[in-house]
Structure formats: C-alpha cells, structure tokens
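The letters A, B, C, D and E name the chains in turn, as written, and every chain counts its residues from 1.
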Amino acid sequence: STDTSGGKDKVNAGVIAIVDTAPIHLGKAKGFFDKHDIDLTITPVQGGAAAISGVVSNQFQFAFANVTSLLAAKEQGLDVKVVANGVSSTGTPGEDFSAVLVKADSPIQSAADLAGKKVSVNQLKNIGDTTIRATVRKAGGDPSGIQFVELPFPDAPAALQNGSVDAIWVVEPFVSQALSQGARAVAWNFAEATPNLTVAMYFTTGKADADLSGRFAKAINESLAYAAEHPDEVRETLKTYTKIAPDVIAKIKLPKWPAEINKESVTAIAEMAKNDGVLKSVPSLVE
Amino acid sequence: MRVVNALAVPLLLVGVWWLVSGGSFYLPSPGRVAAAFAETWFSERVLTDVLPSLARLAAGYTLAGVIGVGLGVAIGLSSGLRAAAEPVLEFFRAVPPPVLVPLIMLFAGIDNAMKVAVIVSGCVWPILLNTVEGVRAIDEVLADTCKLYGVRLRHLVLRSASPQIMAGLRQALSIGIILMVISEMFASSSGLGFTIVLFQRGFQIAEMWSGIVLLGLIGWGLSLVFRMVEKRVLAWYHRA
Amino acid sequence: MLELIDLTKTYQGRGRTVTALDRLSLQVDAGELVCVVGPSGCGKTTLLRCVAGLLPYEGQVRVAGRPVTGPPEHTAVVFQEYGRSLFPWLTVRQNVELPLKEKGLDRARRTELVTESLEAVGLAGAHDAHPWQLSGGMQQRVAIARAVAYEPSLLLMDEPFAAVDAQTRADLEDLILRLWQRLEMTVLFITHDIDEAVYLGRRVIVLSASPTTVLEDLKIDLPAERDQLTTRSLPRFAELRGHVYAQIQRTKQ
Amino acid sequence: MRSLYGVAGLLLLMEAVPRLGLVDERFLPPASEILRTLGGQLVTAGLWAALGETLLGWALGLGIAFCAAVAAGMVIGTVPGLRAATNSTVEFLRPIPSVALIPLATLLFGASLGSTLLLVVYASFWQVLIQVLYGVAAVDPVAVDTARSYGFSSWTRMRRLVWPSALPYIMTGLRLAAAVAFILAITAELVIGSPGLGLEIQIAQSSGAVAQVYALIVLAGLIGIAVNVGVRTLERRVLSWHQSVRREVAA
Amino acid sequence: MLELIDLTKTYQGRGRTVTALDRLSLQVDAGELVCVVGPSGCGKTTLLRCVAGLLPYEGQVRVAGRPVTGPPEHTAVVFQEYGRSLFPWLTVRQNVELPLKEKGLDRARRTELVTESLEAVGLAGAHDAHPWQLSGGMQQRVAIARAVAYEPSLLLMDEPFAAVDAQTRADLEDLILRLWQRLEMTVLFITHDIDEAVYLGRRVIVLSASPTTVLEDLKIDLPAERDQLTTRSLPRFAELRGHVYAQIQRTKQ
C-alpha cells in the first residue's frame, strides 16, 4: 500500500543488512528518498527468498535480492519486476567482495583444483554455486564433481579451519576477515564468472504504481552513484546498520554500484543456471 | 466406525483447506499439492533424501532418550544435583537450535554427527524434564517400600515415572522431526528437510507443501508405532 | 534388639505443627512379639516409620545396637497404606518375589518361598493378577505375603489385618505366630483390635493420645502356646482385654 | 545457593575450552570476553528495545497457546470419543515445523507481531496439549469415582479434580512451552526479520561479530534461567500439596 | 429403595477372568440399615460399586425404582480406599465442603455442616490440614465426615471404620445410628467386624465366597434402640453373632 502522509508515499523496503546494501542506507540518510517524496523505512530481512515473499505478500513495496533468486521467482510465475540495479562485481579478481577461500596450507592452488572438492556456499542452487562452476570451467577444471554444501557465511570460516570443507565461498566482511587470519583466495567467482556481473537488484511487483516505482528507481540510482563516489561515507554507514568491527570495516573491499544493470551478465547467469539444472528455462528478468 | 471416527476430522480439515486455498500463490489447493506429492516423493528421492533423514532422526531420538532418561533419573533423585544442574540446563534450553548449530559445528563438524547432535539438543528436553518430574512424583509409600527391601532403582524409579517419561518421549518424537528439518538447513546437500527448504527458496510452493505433508505423515506414522509401544509399556497404568 | 530413648517427632507444616511423639522410650528384646495400641492419630505409624529408618527424628533409636539412620537390614514392613506399597506394574508373584531377588536368593528358593507365602495368606490362585485387580483385603494379604516371604529378623506391621474378614484374620494371626516361633524374629505389631493385641502379644504397649508417650507397658501372662479357641476363652484373656480397653478409653478424655 | 555451582562450572568450562585451544578463540571466544561484550551491549537502548519486542511476542504467544491448549486438552481428554477422533490430526500437525509455516505467516501478517505470534502459538500449543492429555489420564480412578458418586457437574470435575491432578504434567508443559515459545520468538525474528533479539543476532552473525553473537546467546540463556525460576516459584505455590514438592519442603 | 435382581459382574482381564457376583438378588427397603459381611475378595466392594453406578454390570440394579446407569442422586459413598478418595490439594475442610457446594447449599449452612461433621468424627482440630498430613484413621474419618455432611438419602459405606481404634469405632457406630434415625436414609454398610454388623444392622447379608451369591439374609431381631453396653451384652446378640460367624466360616471351605 502506498499511504500518503504529508504528501509523501510511505515505502517499506526489505533489505539484507550486508555491505551490498549500503547505498540505500546512505541514500536515505542523504535525503535522496525524501527528495522524491518517499518516506522510506528499511526493514532488515534474512535473505533473498524472504525479501521476495515480502514483496509478493505486499509487506514490502520494494526489496533487494540476488539475480538467481529473482530468476527462480520469475520462473515459478511470481510477479516480480526489477526497478534498479543493486550491486555489481568490481570485475577485478583480487579486488572483489566475493571469493572462494582455502586454508593457507591447502593443496588447492587455483580454481581448476576445486574440481571434486567439498565447497561451502550459503545457499545451494543459487548464485554462489552457479558462478563457482563457471569460474572452474573457465580455469579449465571440471565442475561436475564439486560437492557443494550449505553453510551460512558466518559459519564457513570455522568449518574451513577445522577441516570440515576444502574450500568456502564467502562475501565481505568475511573475505577480509578470513584473509587476514591466514586463508588464501583461489577464485574470485563474481569477477571471473562473467564480465561485470550484476549480482543483485532492487525490485517490486508488476502491480506496483508506475510513478512511485519510477521515483524509487531515481532515488536508488542517485544513492548508488553517491555511494560509488564516496567510499569513506559508505564505510561510515556500515557502522550504523551492521555490527562489523571498525577495523574490519576499514579493510573490506567494496563492490561496485553502477546505475546500469548489465543485462548480458543477467542472461549469462540464467544460461549457466539452466545448464547446471538450477533453472528449467531462461526467464527474461530485465526488459 | 473407528475408521470413520479417525478420518472425520482430517477430511474436514482438507475441506477447509480446499475452500480457503483458492488462487493463493502460497497456499495451493490440495489437488495441486497431491499431484506434486506423487511427482516429488514417488521417486529415488525416498532413497537419497527421506531415508537418510529418518536414519539420523532415529539415531538422534534414541540418543536423546538415553541421555534424557539417564540424566533425568539422576537429577530427579537428588535435589542437590537438581539445584546445581537446573540453571545450566535451562540456559541451554533457552538457546534457539538455529543459533546453537554453529557452536555444535565447532565440535561435531558438519556431517551426520552434527545433525544428530542438533536433533539430540532439541529432543532431550521434554524427555529430561518429564523424567525429572516423574521421578520427583514417586509415591512415598512405594519409595519407602523400596528403601526397605533395598529394591534397585530401576524398578521403582523407571516404572513409576514411566507414564510421565512416555509423555516426554511422545513430545520428543515430533520435536525430533522438526529438528531433523532444522539440522538440514545447515551444511547440507541432501535430506528431507533440506529439500523442503530448497523448494521454498525456489518458490516451488506446491512441492514445498507436499514435503510438509510428508513430514506430517511421517509424524503420524511414527506416533502410531509409538502408541503401540506405549500400550504395552503402560498396560499396568491404564489397567488394561 | 530395639531401643527407643526419648524419641521425639514433630511434624512441621505450613501453619500446622504436630508433636506426634514426645520423649517416648521403649525397649524390645530380640525375639519378642510386641503389640502397640493407641487412639487413632496418636503416632503409631510415626513410631514405626522412625524405627524403619524412614523418618528423621530426635532422640535415639537403635536396632540391634546400631543407631537408625536409614532402613536397617533384614527388616520387613507391612504399611498401613498397603495398596500404595504394591508395585502396580508387577503381578502378585513378582511383587512378592522382588525383595527376594534383591536378597540374592536363587530361583528355586524364591519360587518356593513365594508359593508358600501366597498359599499361607490364601492367595494361591492369584499369582498372575496385578494388584489393582484385587480386592482391598487381597492386596493387604499380598503385602503380608511379601513381608513373610522375606523372612526378616525384624518385622514391623501397621494394622496389617485391617481389611480382611474375621476368619481370615484369625488364620493370619496364627500364621504370624507360627512364623515368629520358627524364625525367632522380633515383631512390632500395631493394631486397633484389642483382642488381637492380647492374643498375639507377649507385651502390649498402650500409647497415650497426642503428644504421645507410653501409657502402659503390659506384660501378657497367658500361656506361650496360643490357640484361637482356648486362649480367647481364658478368664485371664478377658481380664487383660478389659484392662487394655479401659486404658484406651482413658486416653480419650 | 547450590545453583551457583552449576553456573560457575559452566562459566569456567566456557573460559577454559577456548583458552586451552580446544577450539579456535576466534570462533568461540572465552566466557570473560563474551560477558564483557554483553556488558557493553546492556547499556545500549537498542538492545533493551529489541528484548522488549521479543518478550512481548513471547508472553503473548505463550499465553494464547497455553490457554488454548489447556482448554482443548481438557475437553479432548475428558469427552469420550473425542480423543480417537482427533488423534490422527494432532499427530499429523504436530511434527510440522513452525519454520515451515513462515511463508504462510508472512503472507498473512507480514513482518509484524502477528507472524511471530502465529509461529510461537503453533509451536508451543502442541507441547502443552500433549502434557495436558497425559495429565488428564493421570487422575486417580478412586478420586474420579468419588467425584462421580457425589454428583459433581462436569465443570466442577474439570476444575476441582482433573485440573489439579493434571497440574504436575501441565507445569512441565508450561516449562517446555515457555522455552519453545522463546526459541520461536527469536527464530521468527531471525528468519522473518521482525524486530527483536533474533534480528540482533542475525545482524551480528552476518557482520562476523562472533563475540556479540555469543553475548546475545548468553542473554537468551539467562532469560531462560529467569523464566525457569519463575515457573519453579509458581510450582511451589500451586503444587505445594503434591508429593514432588512437599517432600522437598519437608527435607 | 434398592433392588438387585440377578446381578452378575465378571471382570475380564488379560488371562484372568473373575466372576465376582453371580446372579445375586437382594432388596433393601427405603430407610433400612443393612450390613453386608463376607469373606475377603468375595465381591462386597464390587456390589457396592454396582449400586453406586460406577461399574457396568449384567442383570438389574434399581435405586428408588430407577435402573442404575450412572451414580444415582443423593448418594454418598465411603470408599475402602479412603486415602485415595480424598483430594490431596484440598484441606480437610475443603474436602468436606466441596460436595456441599456442588449440592448448592449456601455458605452458612455449609460451614455449619462441615463444623458439625468434623466435630462428630473427632477432627475438630484438623480443619486446615491436608489429607497427607493425617494418620490413616484420621483420613478415613475425613471421608466419613464428608459423606455424613452430605446428608444423603442413600449411604454406601465400604469398611468405613477399618482404620480406627476400638473406642473411636464405637463412637462412629453410634454416630451413624443417630444420623440414620434422624435423616431416615437407607444405609448399605460393608464390614468385616461381625459384632459391628450385628450391632448396627437391622439385617445382615452374608455373602458366599466367589462366585458370590447371598448365603443368608439374616433379620436382626434386637431392640430398635441400640446401645454399646446393653445391646452387646444381650444373649440374643451373642447368639446372632455366633450364627454369622459360623456362616462365614462355612464360606471358607
């Protein structure tokens, strides 16, 4: 519902409390949403599926979810409509916010060595395993034998440490944390899977008011642009809605926040997912 | 007559479900769920997902029973031990299993041992609490009789607390199934609970509901077995 | 065998404090059969439970020279609440057999004792029944059979024949007398039946009303060999009986 | 007094395990550090607000579930035939994880108190119900006969006989349900994202703030201890007549 | 008032089938006081529970002309298991008062009846105790007080004085006689004490051993006004007593 109060539309956005979503928090603080007559409330959600459910059930007007989750929703006939870019890979291995890590003394030296190993991802049949398979394939390995297990990001470093898995996929702040504690990166799956990968997007439902969606998109895009230009303010913002330790915040690699959605990368992800059997078709997500 | 009696309420509920389910994405009609059920579970999934889950459930449940009853008897018999142990137990009891899992993973790794440990960590409470209370509630005259004749603990304590222990075991059965699902939300790549979660995240809602229905059926089936056992164990109690 | 010196027992409950026994002293020699009578609620059961080591107390209680802190060895008790003292999940036979197992007797001896004692209390046909399938009197007899089969050296009985008919009662009285003579055990026997007390006891202890002490310690100077017909028709029997009755009535002022 | 030994022992263990290197300190900080972090958290207003939210959902959900389950249990347990009719349904519904109801909850209530309540009530209802059913079966047959022969009405029988007899079982049910309700309140926040302690835990987890996560877990455990003390106190009052309590009071 | 025609009761349990009552017929007029005696385990309690509407049976049982299918109105029962028939969560006073509340009496009348009846059974000082704080005999007297305070028109008592001393027993016997005359109720009184049966009863029913029928229906032709001393010393009393005793012994072959 878009209740108007004081001329402004009340909007509730479901957003995961991670580094990726810093722009919306920063943009809210900077008044970009007020400028577009949007009275924004940011509700933290636990993951992409919860965000999508929330939008479909009208609890949120907008939300943030990764490409694969959105593709899956679309394929199952859920009425989701992308309104703006969310977060993108930096495209530079070694400088990205997502990596596959191994122990310092691990025999695994490159992405190709991951073949046949046990690798943790936060969710199976999602963007993690899809991009890792692509990276391994590009590095000349055979991804079909990789044994993926589900482990939430926070629990993955411990599992790597006590040898429960051979490699872990994590995103910031866990990448920096683990690297500083002696882990070693063997693959930068977002950067290496496909060029300039669009990882996640803001979306709404097809039934949403077009004018409001437009204004929200504008506000988001301004926020993305501002965040891209002011990394220091982004790091400050992180202290407000996450509990990441300040010394870690100073170290983490920030993602890219372009205003443009890289449509080719979305299609590429969809193709890969289809090849891996995660999706049955290639739904069109972004017109 | 008994069959009619047992089926009336379930049929009524399915009817209600049918009526309210019209057109909702998250609540598909019973027909669609039934179709999804046949498609999803009459396949090799039974071998790869359902049976391993049930095996872990059996292991966890048995372990919880042994620990719960053993510890419960000890705690129930000694008020000193109870005073010391209760706060610690209550502490762990109040910690939600999902946040306890990472801790368990630190000690038990991420394989079957962890999942069984998660099941135990939830199942043990109703058994433990009921055993403690059952042991505390032993008839005084009976307890005195035992003291006099030096009759071993087993006879008095376990049997006379058995109605309450059975209540705990009954509770634990369904909690075990729930924890089987929760344990498979972590560090999994197969299992009944894992499959349900996967369906949920993939927005395959009819399939997800068919998994929930399967959980219910498993619970119901196990409770039938349980009742048969209980009928024997508590025959003296129900004066049958 | 049994020595009570200044035994005092006070029950403290919410708002209700009862001094059930007040500096009660009593001695029972090994192999004696002593009957205890007294008004209802005076503290007979309390006395018995102190001796059985089931209640904390003040003063001294000694069994076979040793102070009682827990249940003394080789002791059997028939509780007033006989129904609650049987294990409902065991059959009659198992109920009687359990303490014998605990005592470490072998199977043959156990079977013999169980069969004998159940026969003696008239329950030969009820071996496989559960306690709750029995009448009140039958349950009480199971409890008696259990105590008897145990062959204790100290037997404590709390109104053990309260729930059986007159004829059975007479039979059971004679059973106890027989066993007492054969096993040379010490028996403390609480009863409300004055005739019974005089018939069975070598001594009858009359307790006063609460706070309870020993009102009279009466030696029963009847012939050692007792018999339901002849003993009860002795003039001395009537005399003693009348004496005890008068004492009990005195407690009720 | 004795209860302090148990807690002290636990703290000692939690301090020793990481200090001795049995597990990596980074993944399980020693007790002293957890407590220090907890102390730091306790002075922030945000934590108390979150705690308030959680406890509100907990208390409301537990109250609703308890009353509903006791009423249902007494009726099902005493009306002949009803037990057989409802048995299969109860056993079917009971093992369905509350967590699986999350899509339904969000659909109906969104990320609001309603969702939390739905999950909390659903989970704790069964705990109490099963205990009540067993408790109702624990009434002494002689006492039942007494009540019947004096012509007690069904209401009096429920209130004066069935209820007190089942009370020891029900108290256990209350203790079980209190913990389950608390767990579900937190889990609901964790998963649905309604505000509260669970959300705090989730944010701390995804921020890699291990000590904070454990501090919040310890807080949850402490609340569990407090709730148990409350229920035990209640029990000593309402079950003062029962063997289990009176034996201890006497001893 | 009470009509039993061909009453048969068979208990069927695992492996144990007992015919407790076998085509037993009996009639009790309104306002009669009938005592029932019989060997332990013969079926007295079973008989009483059938009349109280607590057991399914074969044959016919009618109370006040109506067939018994559930507990008949205005009936009070004192159970053989007196201890278990008291509610442990209520005090003595509350236990006695509860049926009166249920009967719809006002508070003043209730207090009066409770005080009176507890006084009559000698428990004036135990109002606020809980049943488990009382001795066996005291518990039994609470159950009696509860039945008495209820002022039933049909009073069923199952060995109600088994746990009290001789003097109290005599007092309670006279209490029942007084009430019976004042309230004109019908009383069915089961006892093992033959003296008691003859002293109290206008008729004494002697039951046979299992399978049980009426062995003898004996009219007690003693003067209507009974008195512990004079009645019991009548030669006719001794005669009747001896007769009943002989009958009971006959059942034990």
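In this text, a contact is a pair of C-beta atoms (placed from the backbone, for glycine too) under 8 Å apart; a residue touches a chain by one contact, two chains touch by 3 or more.
Computed from a predicted structure; not experimentally measured.
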For this session: Identify the chains adjacent to both chain B and chain E in the sense defined at the top.
Result: C, D
For this session: Give me the fewest steps it takes to get from chain A to chain E if each step has to go to a chain it touches.
Result: 2
Seminar exercise, completed: If chain centres are mean C-alpha positions, then the most distant from chain C is chain A
Seminar exercise, completed: Chain-centre distance (mean CA atoms) for chain B and chain D, in whole Å, is 16
Problem set entry | Where chain D and chain E are represented by their mean Cα positions, the distance between them in whole Å | 48
For this session: Could you give the separation in Å between the centres of chain A and chain D, each centre being the mean of its C-alpha atoms?
Result: 36
Seminar exercise, completed: Among all residues of chain E, those touching at least two other chains are 81, 84, 130
For this session: Indicate the residues of chain A shared as contacts by at least two other chains.
Result: 53, 57, 152, 154, 158, 162
Problem set entry | chain B, residues touching no fewer than two other chains | 26, 102, 106, 139-140, 200, 205, 239
Seminar exercise, completed: chain B contacts chain C in the complex at 139-142, 144-145, 147-152, 155-156, 159-160, 162, 236-237, 239
For this session: Would you mind writing out the residues of chain D in touch with chain E in their complex?
Result: 140, 142-143, 145-146, 148-153, 156, 160-161, 164, 167, 241-242, 246
For this session: Would you mind writing out the residues of chain D in touch with chain B in their complex?
Result: 1-3, 5-7, 9-10, 23-24, 27-28, 81, 84-89, 91-100, 103-104, 107, 126-127, 130-131, 134, 137-138, 141, 168-169, 171-172, 175-176, 179, 182-184, 186-187, 190, 198, 201, 205, 213, 217, 220-225, 227-228, 242-244, 247-248, 251
Exercise. Once bound in the complex, which stretches of chain B touch chain D?
Worked result: 2, 5-10, 13, 24, 26-27, 79-80, 83-88, 90-100, 102-103, 106-107, 125-126, 129-130, 133, 136-140, 163-164, 166-167, 170-171, 173-174, 177-178, 181-182, 193, 196, 200, 205, 208, 212, 215-220, 222-224, 238-239
For this session: Would you tell me which residues of chain A are touching chain D in their complex?
Result: 14, 16-18, 43-46, 50, 53-54, 57-59, 152-154, 157-158, 161-162, 173-174, 177, 181, 241-245, 248
